[in-house]
Each structure stands twice: as structure tokens, then as C-alpha cells.
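Two complexes, one shared chain (chain A), two partners (chain B, chain C).
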Partner chain A sequence: MAIDRRQFLQGAAAAGVGVAYSGLGFGQSAEPVRLGLLTVKTGPLASGGIDMERGLELYLKERGGMMAGRKIEVIVADTGGSPATALTKTQELVERNKVHVLTGPLAAFEALAIDDYVRTQKIPILSVAAAEDMTQRKANPWFVRATSTSAQCAHVMGHYCATVLKYKKMIVIADDIAYGQEMNAGFQRVFEENGGKVIQKLFPPLTAPDYGSFIAQLKTDADAIFLGFAGSNGFRFVRQFNEYGMSGKMKIVGGMTALDESVLRNMGDEALGLLTVCWYSAELNNPINVKFAPAFRKIYGYDPGFYAAATYVNGDVLNAALTAVGGNAGNKDALMAALKKTSVQTARGPVKFDTYGNVVGNVYVRRVERKDGRLVNAVVETYPDVSQFWKYDAKQFLANPVYSRDWPPAKNLQ
Partner chain B sequence: MQFWQIQTLNSFALGGLLFLLSSGFALIFGLMRIANLTHGALFMLGAYVAVSAMRAGFGLALAALIAALAVAAVGGLIERLVLRRLSGNAQGQVLATLGLSFIASDFCLIVWGGDTIPIQTPAMFQAPLRLFGLIFPTYRLVVVGIAIVVGVVLYLLMERTRLGAMIRAGVDDMQMARAVGIRASALFTIVFCLGALLAGLGGAVGGPIFSAYPGLDSDMLSLALIVVILGGIGSLVGTFVASFIIGFIYTFGTALLPDLAYVILFLPMVIVIAFRPTGLFGTIKT
Partner chain C sequence: MKRSHLLLLVVLIALPWFSGEYYVNLASQILIAAIFAASLNLLVGYAGLTSLGHASYLGLSAYISAWLSLRMGLGHALTAPAALLATTLTGCAFGWIALRASGLGFLMLTLALSQIVWGLGYRWVGVTNGDNGLSGLTRPAPFGIDLANSAAYYWFVLIITTLVLLVIARFVNSPFGATLRGTRDQPRRMSSLGYDVWGIRWVTFVFASFLGAVAGLLYVYFNKYIHPSVMSVTVSAEALLAVIAGGSGTLAGPVVGAALVMLLKNYASAYVERWNMLMGFVFVFIVIVMPAGIVPGTQALLRRLGGGRK
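For the complex of A and B:
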């Protein structure tokens, strides 16, 4: 059996601590809790994936590698951002490394690829990926998601744009993938129900080489444009938007991955003043984050964003659940039940879950500002306890089709 | 209608970028008969080297020159150390270039990290150009200019110099060229370096528009393939014309039928392969 170096070292450390603690009377902690991290360390998604690993690493380091009195052994698997590899790596983590619990994966299509396997193996998984139906119409009983569905934060921005910013006409644009479509659909629904009109919907391919041809067709009578982009596409769009002289013609607002901290650190003044919405900001002023964000910045030299915060928050959720079951990760049903019942303070604020395993938590409207020389997402408004169903009744919400390019239908296109 | 005028300019800008991207690919494909699948990676490497050069304080023009030369050197190494050993085995060479492209992209990830790194547009081209009520990014027009200059230089090189004559002879009939005393091995190295040089230059010049990011390699490789197959293998003029055709098709296609962006991009290539396997201007079947 091949053991990689990292795993060996962690195993060795765990054994050492185990011995030490059994001497102190914690005999039960002899076997560590094995936590599998599904992340992406190679390829285009690697930036977020590496942050996921760093967030978790920092969480455990601060606690001496322990949760609920048990040593935590982390086994990191690189999915390469491919669904097929995500599945093989999950199988490897479960069958070879015998993990008790998983966290990750990063992308929605990876989560969908391992959905069936996780169900049959009954492995609790603290997801990061946003795919709506994983906690809705096809809710996986082994999933908890402490981050956000695709549209959870976009609902908030729809409300904010219509009621606070008083925008009347807006354009929505996002990558042509389920994530972008779901996000824009959620935005459109709430924005239009609060009196706004979406007059144009655009979905450039995920790997569009250039946004020039999309920018040239934007309807210039719109008040603002909502960006549902992921990764670096948001910032590429903003730059080209300015190059085409559009910056004075309409405002820009963005979804939870449009101007993430990981992207901001490579941007300049063009980002100043832009509003985005997310369940996290490195600027959050809660007792956990005021320690986490500076600690992360001190080690890695940049602010934690969506992905680093995701695994750090998952750390607190898992810690609380493990404590509730007395550190016994072997009983998967009990651990899963404890995960769903978790109600805990985290770096994003308080986290609890609905019956579908999705978080009910704060969502923040943020404005890009310059602070100590670097760009930050300063929080301008907090929407407390936002559910994935926004203010809708869950049953009615689920009776509708899942958000997509065509649902809800856009009736105000020009 | 502003829309049509701006989209026309967009088409030219994209066409210029595509020519910078695919001219080197076309050169190598024409002479050596192998699809150099490291081409996208070399393009990306050019962008990243330009990033480092600009961080060291050079302007974009100098950074592009450094990137072009550095990538040309890498190309020379690839040809001498790897492809040379596989000569005569075209399939092996293509697979080797594919493997090298994976290695190159992971190398870039290790050295430059996973973040998208923007490349600053030179200050004098940052303000949009205002002309007859149109607003257009100045740098894109500069790119078209660079593409045309590169095209003319390459054309003169191929048609008016001894090296060009040797390359053309090699493209038409390698065995015959050898028989009349052309040193094929030196020619291969030169052409591979030249192709890599163009890729590195393209990566640096395209940098302010595309940025440098992991995945740039594969995004670009497929575009280069489309252009070269449409234009015809071994034809510089074909590559030039095809770049602008694809620039127009893609720009207007995505503007008018955004849902079919990829269909519009790849359909011309499929049609060409099916009905005119030599491409628009080529003489060699794909």
C-alpha cells in the first residue's frame, strides 16, 4: 500500500499524540478521526483548491490537530477539477484510507459525480460546491453545506438592488454553466418580484477567450449589470468593460464569486466601489474571523476568500458535531444527525442547517474599498439568517423546476 | 448602428490575436507535419514570462521580446531533445508534445501559482479610443497592427529569403528538398524555434486582453487548431485569412446567437474537414 509522505507524517504525528494522550487518560482517542479533503491542486481551479487546503490546515494547526479531544488525520486528494477523478479519489479515500468524513469538493460537477457513491457508502460530507439540487429536489441525506447554494446569496443581491439601490432595469450575465445559470435565475426572481426588470440575459461560454463581443451588445439603458461569474472571469469582464468605455454608463454588482478576495489581490483601482454579495468577507467583524483572517494573511500574505473560509467554517461545523457525539466518528448515522443539528458560531457568523442539510446563515453585501494599501470587501449590509429558499415556503419553492437559463422565465427582455 | 461597427472592430481585433496565436502553429504543422500540441502551453509560457519581466520593471514591449526569445529557446530544446529522437514517428511526436504540454502547464502552476495574473495595458493605450462617436479599446487596434506587421514580416521571410525558400521546399516535398541539399535537421530546429517564438510573442502581446491563467494553454490550443485547419496546412496566407474569418464568425456568432457560441466556432472547421480537406488555401490534406 502506497502511503504518501504527507499522510505518513500526519499518521506518525497522530500516533505520537495518541500515545501521549492515552497516558493522560484519554484512552478512547487512540484512533484518529480520518477526514478526507477533496480539493483541486492542479489545473484551472487550483487557486481555490489550494485555498481550501490552507483554510483547513490553519484550522487544525490552531487546535493542535485536535477536534473534540480526538486527533484529526487529514488525507488530501487532488481531483484535478475533473468529475471522473473526483469519483476515483473519493473511492480511494473511503475504501483505502477509510475516512470517516469528507469535505469538499470544490465544483458542482464534482459534487454531482460523487453524489451516488456518497449515498451508497453513507459517508457524511461537508460540501463546498453550490449545486442547488444537492440540498433541494434531490437532497443527498449525507450532505451538509455550510457555504451557499448557487442562488442563496444572489437572492439577497436581487432584493438589495431593487429595494436599496432602487435599480429599475438590469442586465444579468454569467458563465454558461449550471452554477451561473442558477445564480442569475435566483437574482432575477427576487429582483423582478421587488419591482425591477431584467432586460437582458447573457451567458458567455465558461472559457470565452474575450468578452468584447458581449460588452458591445449590452443594452445601455440598463441601470446596472449583475455578474454571476466564477473564478477570474469576473475580473476579466470588469477590466474589458472599462476598456470599452462602459464604466460611466451603468453600475456593476456581482454574485458571491465575482470579485472574491482571491481575485481582488490581483486587481487595481478599477474594482473600487463595486458591490458584491457573499456569505463571507475577510473583513467580517465577528470574534472568530477577527482572529482567522489576520492569521491567514500573516502566513500566506493575502486575505482568505470564499474557498479558504469554506473549509475553515466546515472545520467549526465538524468540530461541533464531533463534540456532540463525544468524538465517536465511527457511528456515521449519529455523526450525520449531529452535523445537521449543528448550531455554531463560525468565521462567517452563526451557522445552522435546514432539514435539507443546507445552511441558514448571514449573507453580506460588500463594497470594494482600499484599506492599508490592499483591496478589501468591506461589509455594507448584513442580511441575517438567509435560507436557500429566501423568503419562500420550502414546499412551494421545491414545486418549481430547478433554476436554469429559462426558469423563471424572463418576461421583460428588450 | 454602433453595434455593427463595434462588432466589426471586435472581429478584426480577435482575428489579429488569432493570427499571432496560430501563425507559429501553422509553420510547424506545415513543415514537420505534426500538430504541435505544446503550442498552447508555449503561448501561456509567453504570457507568464512577460508577467515576470514586467514585475522586474520592463515595459510590455521589452517584456514581449524577452518572452518571445525565452519561449523560442524552450522550443529549440523541445525539438532537439525530444522530437529529434522520434523523427519519422509522427504519432509519437504528437503524443510527446501532448505530454510536454501537461508538464509545461503544471510547471507554470508551480512557478506562477493558480491565480489569474493580469498584464497591464501600456499606459498610453489604456484610455479608450473615441472616433466618430464610437468608443473602442485602443490596445486592441494596436494588436491588429502588430498582427499585420508580423504577417508581412513572415510573408517576406517566406517569399523573399533563402530560408523561406528552403522552408517552402520542405513543405512541398521533404525528400526532394533533402535530395537537393537542404539540411532538414537544421531547418526543423529553426522552424520549431520560430514557431515557438511566435507563440511566446502572441502570449505576451495577448496578455493584456487574456491575462495569464492556468488553462490558457488549452483554451488557445483549440483555437489555433480551428484556424489552421480552416486556412489550410502549410499556407501562411491561409492562416492569416482564416484568423480573420474566425474572428468575424465568432464575434458575430456570439453576439447574434450567444447560445450557439461553440457550434459557431467549430462548425466551419467541421465543414472544411468534410468538404475541403486541404483547407481554404492549403494543398495538404488534414
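For the complex of A and C:
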């Protein structure tokens, strides 16, 4: 079918108007801010990844899809939990979808895989991944993290176990991935510097089907065990710990993902009384969270945990930064500077950033309790304004190697 | 046939001028996967030896080149040949071990060897940096041409891919290639004719590991980051899937298969949430409709259509 003259004229007129608009600058302000969400929707990390999407979705829904007077267009990419795919998906978001800002990814190795690309493309990224060095020895100038490094919360737990709970001997166990290793190392460092002794370190593989062989190895003279697990592994460990008749013989404490709200809903009385540490709890009583947590629960039927809160908090941080630059996401340098200068109230409490782009914020010690028939992480102690360097001097902290299986060395193993 | 190949090459060369940067990068990855699958096809298709451990060579050469440049501070002119050499030597040793068996035994041995390499990648933290991987890598700049640019790197990969495919074509069409196919179809008869079946297989194994190492170098240059998951059995299996889907024992098969896998994984996943399922369906479809693979299947189809018209 040939285009007749009338259609052609209409088309030409529309094109003319379009050109005129963009010439006048209207085009730019009408354009939405494109936000790329890097998450994991397939594979073993998917449950956290889907929560990340839900948290962000809810944040935007509450605000009519707007931030700082601009429409926000979210483009979701599934990295599949693989570093190579994470890079391809980031390229897709940046080059094809032309996103202004990124949020995510979930896993540390994904963040490391896209590190170099983010630097060269100069894309501000609000990370969820906890990899220590991304805001430390290899600090990426385009990177802000409003959640926590692997060890940021574990430092607090180390202090709490040594000084408040007065544990003397402890075992640490975590998934054998960088995240688990860094978390255990941070815990061990602070715990031992406050008079405790880590007498055993265990690292089961991430996908261990059964913890029986690890539970059988546990040194029975330990006061407590610290769980640095991610995903549903903490829940599986606790259940098997009880099945092996270990409950009561040793206390259990956990890191920020050991007993997340997203797995707590599948647990029973065996979880009651367990202490974990995190930068968030669905029970937090601040003006933002008292709206967010019930709203999330109403839609999805469970409490928001680490991952849902992560993108929700990132939403507030981005909103504040966009407001500071008048909604102009096109100027990446200005946006990045605004992000780093952000000081904003969020669902986790106040958030501000250190010079490396990592959050300085509250960390909460939480106890599993039953409330209205469901298990919750009730806050028992708040450590205000915790930095990724704990109480150490940043320069001295960074002069040490990054936390690992072997650093800091464990001198008290039995 | 030859003309169509040239036409395809011209289109591929011109790609960066008419497509966006994202597609150029995707094309680079497809080409790298194609080299990798083509190298595996030497074993699977031409030698009749199904390996489930080919990712070791990709990973080893990537890790060796990354380690040499990061820890030893060597330039690309040294790291690339060193990585190729070391990986090929590993291939010599692994081939010597794995070729004690054929068939299922060979598959299990290659799987076991690759699991060792993968385990080392995760656990030998002092060298591989464990789960954090090695980052801070660069791309080489041969003859002063900066390959940091997507298009430049794409052309670089395209040149290497063309060379590799030409070499493979020469290899399989040579008298040696004919004896190799002989050992696949009739090992006993070849042996009684005086051919050293084990030797022929071993040479092929080493050659395949060398080409796998070439893919590994291109892979690490592209990603500028290396993580142990690249040596996992999933990566080996994906390459095997590409070979089988495209058509094992054909030159074009692995290339088509690799393109299919990469497109499903990276492109289709942007539109289809359950892309794993889609990938499964596609492969089931291929196995049912074209059991020999896409390339032989399509050729047969065209032949039938052509025959019907005449």
C-alpha cells in the first residue's frame, strides 16, 4: 500500500513538531529517567532477586512511578547469577536501553564483573552486592552502596557477642563464597579483639545438600556458632542443627542474611530467640518503614527482607539525589556527586555515604520472636552510624589485605 | 557455496557500521563461543569423543594470561603465547589421562579433570583470588590499535575466528582428518590397518585444547574479568549443547549452535522471563525435528525441497 499524500503530510507535520519541541528543550524534560535493575530471576539466587524487583516496584507504585517530578522507567535485566551474563546485560541496559542509572546487581562476583565497564561508561550504580573491595581497595567512583559491605554488620555482631553476650569461644560457618568468607573474617576480627576466640572455621559449599557432616564436626566446647549463610542456607542449617539434637547445646547467632525475613516465614519455633544482625528489619519503627513493611506484606503475603529493603532504600537515595539535581539524570557527574552527598531518611533509618561511596548507617541486632502468629526479627539493640571500617582508621584498615578465608589469620583454632 | 561464505563475511565485517554497540558486543561474544564450540566439535564430531570438560581449557588460558599480567606484570605479547603454551601442555597431559578410555569412560574422565581445574579456581585463593575472581585486566593493543573500542575488538575477534575456522576446515579435510574420521567410525579396522588410533586421538585432543585456549584468551580480553564459574561444568555442557544443536561433525554446525545458545541466553532473556524453559523447548524441538542438528537438518530439508521442484 502506498502512502497517500494526506498521510505523508501528517507524518511530516508530526516530525516537524517533534523537531521543534526538542529544539526548544521540551523534549528533554518530557523524557523519563531510565533506571536499569540488574537482578537474578533464574537459578539459586532468584528468590532474593525477585524480592529486589518487588521492593523497587512497590517504591515506584507508591509514588505514581515518579521521582523528583520525572517519570521513572525501570528496565529489568536477569543476569542469571553468572558474571559473564551480568556484563552482557549491563551492556544491553546501557547501550540499547540507554539507562541513566543502574541498581543492583545482587552477587559480589557480578558487581566485580561489571566494575570495569561501569567505570568506562561512567554510569552511576546503586549497588546491592556486598563485595568489600568495591568501596575499599578498588573503590569505583560510580558506585554507591546504601546496604552494607559483607563485614559491616558482622563487625557489629562480633562486638555484641564478645561484650554483651560474653561469649568466649565461638565457631564460624558460612558459604564458601567471597561474601561468606568476608563476613566471617570481619566477625572474627572484632570478636577476637574484644577478648573472644574463634576456635573453628567451616566453609561448606554454597550448594551443600546436607549439613550433617559439618554439624558432626562442630567443637562441642564452643559457646555459640555464627552463621554467615546467604539465601535459604541459614534456614536449612538451623533445621538440621535441631534434627541432630544440637539445640540447647550451643547458641546460634547469624549475619545479615542468615535468617532473612524471606526465609523466616518457612520456619517454626526452632528459630525463636535466635539473634542476627542486619542494617534492616521489617520491624523497624521509623516513619518510612511503618508504611513500607505492611504495604509489602499486604501485596506479597510476607515481610520484606534484605533484598526487598535494599532496592526500596536505593529508591529513596536515588529520589533524594535526583531531587538535588532537579531531575536532570543526563548529567552523570552531577548526579553521581549528588548521590554521594545524599543524606536521607530511608526505611533502614538515616543513610549517608563515606568518601568511598559506602553507607554509614544504623545496624540492628535482632531477635526472632513471634508476633501476630508470624515470626519476626525484633530489634533488641541499635548500633548507630556504623561505618564499613567499624571503629578502625580507614587508612590502616585498607593497608590490610581484603577479608578472606585466611585473613585475618585465626590463631585460636583447636 | 563459497560465494555465500564471502557474502556472510562482508556482512559481518560491515556489522559495526549499521548496528548499535550492544549488538557488536553480542556478536563478539557469539564469535568467541563459536571458536570454543568449533574446537569442541573436533573431539565430539570428528573424533567421536564426547568431552564434558572443555571449559577447562578456556578457563585455564584465561586465568594464566590474567595471572601473568596482574601478578607478574607481563605484557600481552608474552602472556598470550605463554597462556596458549601452558594450556596446550595441560591438554597434552589431560589427553594422556582421559584417552585411556573412550565413550562414557572418556566423558567421565574429562568431567573429573575439569572439576579439578574448577575446584582449583575456587580454592587456590592465593593465585586465582577465589570467588572474587581476577579483575583489573586490559585488552591488548596489537600494532598500536586500541582494542578497548567495541568495534575494533569485534574485528579482531572476527579475524581470529575466520583464521580458526579456516584452520579447522584444513585440518578435517586433510588426510589426517580422514584418518581421524576413520578412528571415529571403525577404530578396530583402523588399528588393524596399522594406524595408531590412540596417537591420532591424542593429537586431536591437544589441538582442540589449543583452540579452546584461543577462545579463552578472547574471552578474558572481552570480559576483562575472570571468575571460576567459567570453568564449571555448565559452560562445558553449554558448548556441547551448541555443537549437538548446530550439528556435530560439520564445520558450520558449532557456529550456528553457538549463535543460537548465545542469542537465547543473552537476547531472548530480555523478552522472555522463563528463558531457561525456552532454551529447553528449542533444544527438544531440534532433537525431535532435526536429530542430526540444525545445519545437516536444514541442508536435508533444502535438498528435499529442491528435489521436489525438479
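Quick note on the criterion: the second predicted complex is superposed on the first by the 386 of 414 C-alpha atoms of A that agree within 3 Å, B and C clash if a C-alpha of one lies under 4 Å from a C-alpha of the other, contacts with A are read in each partner's own complex, and residues count from 1 in each chain.
In the analysis below, a contact is a pair of C-beta atoms (placed from the backbone, for glycine too) under 8 Å apart; a residue touches a chain by one contact, two chains touch by 3 or more.
Bear in mind the structure is a predicted one, so any value in this text is a computation, not a measurement.
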item: Which of chain B and chain C A:265 touches, first, second, both or neither; value: first
item: Touched partner set for A:84, first chain B, second chain C, both or neither; value: second
item: First, second, both or neither for A:210, with chain B first and chain C second; value: first
item: Contacts of A:42 with chain B and chain C, given as first, second, both or neither; value: both
item: Which superposed partner A:141 touches (first chain B, second chain C, both, neither); value: neither
item: Chain B versus chain C as contact partner of A:326, first or second or both or neither; value: neither
item: Contacts of A:195 with chain B and chain C, given as first, second, both or neither; value: neither
item: Chain B versus chain C as contact partner of A:401, first or second or both or neither; value: neither
item: Shared chain A contacts, counted only where both chain B and chain C touch the same residue; value: 42, 176
item: Residues on chain A engaged by chain B in the complex (per definition of touch); value: 42-50, 176, 202-205, 207-210, 212-214, 216-217, 231-232, 235-236, 239-240, 243-245, 262-263, 265-268
item: Residues of chain A defined as touching chain C within the complex; value: 41-42, 77-78, 80, 82-85, 87-89, 91-92, 95-96, 108-109, 112-113, 115-117, 120, 131, 133, 138, 176-179, 181, 402, 404-406
item: List of chain B residues in touch with chain A within their complex; value: 3, 6-7, 10, 13-14, 17, 105-106, 109, 113-118, 121, 126, 128, 130, 135-137, 139-140, 209-211, 213-215, 219-220, 223, 250-252, 254-255, 258-259, 261-262
item: Residues of chain C defined as touching chain A within the complex; value: 20-22, 25-26, 29, 122, 125, 130-133, 135-137, 148, 223-225, 227, 229-230, 265-266, 269-270, 273-276
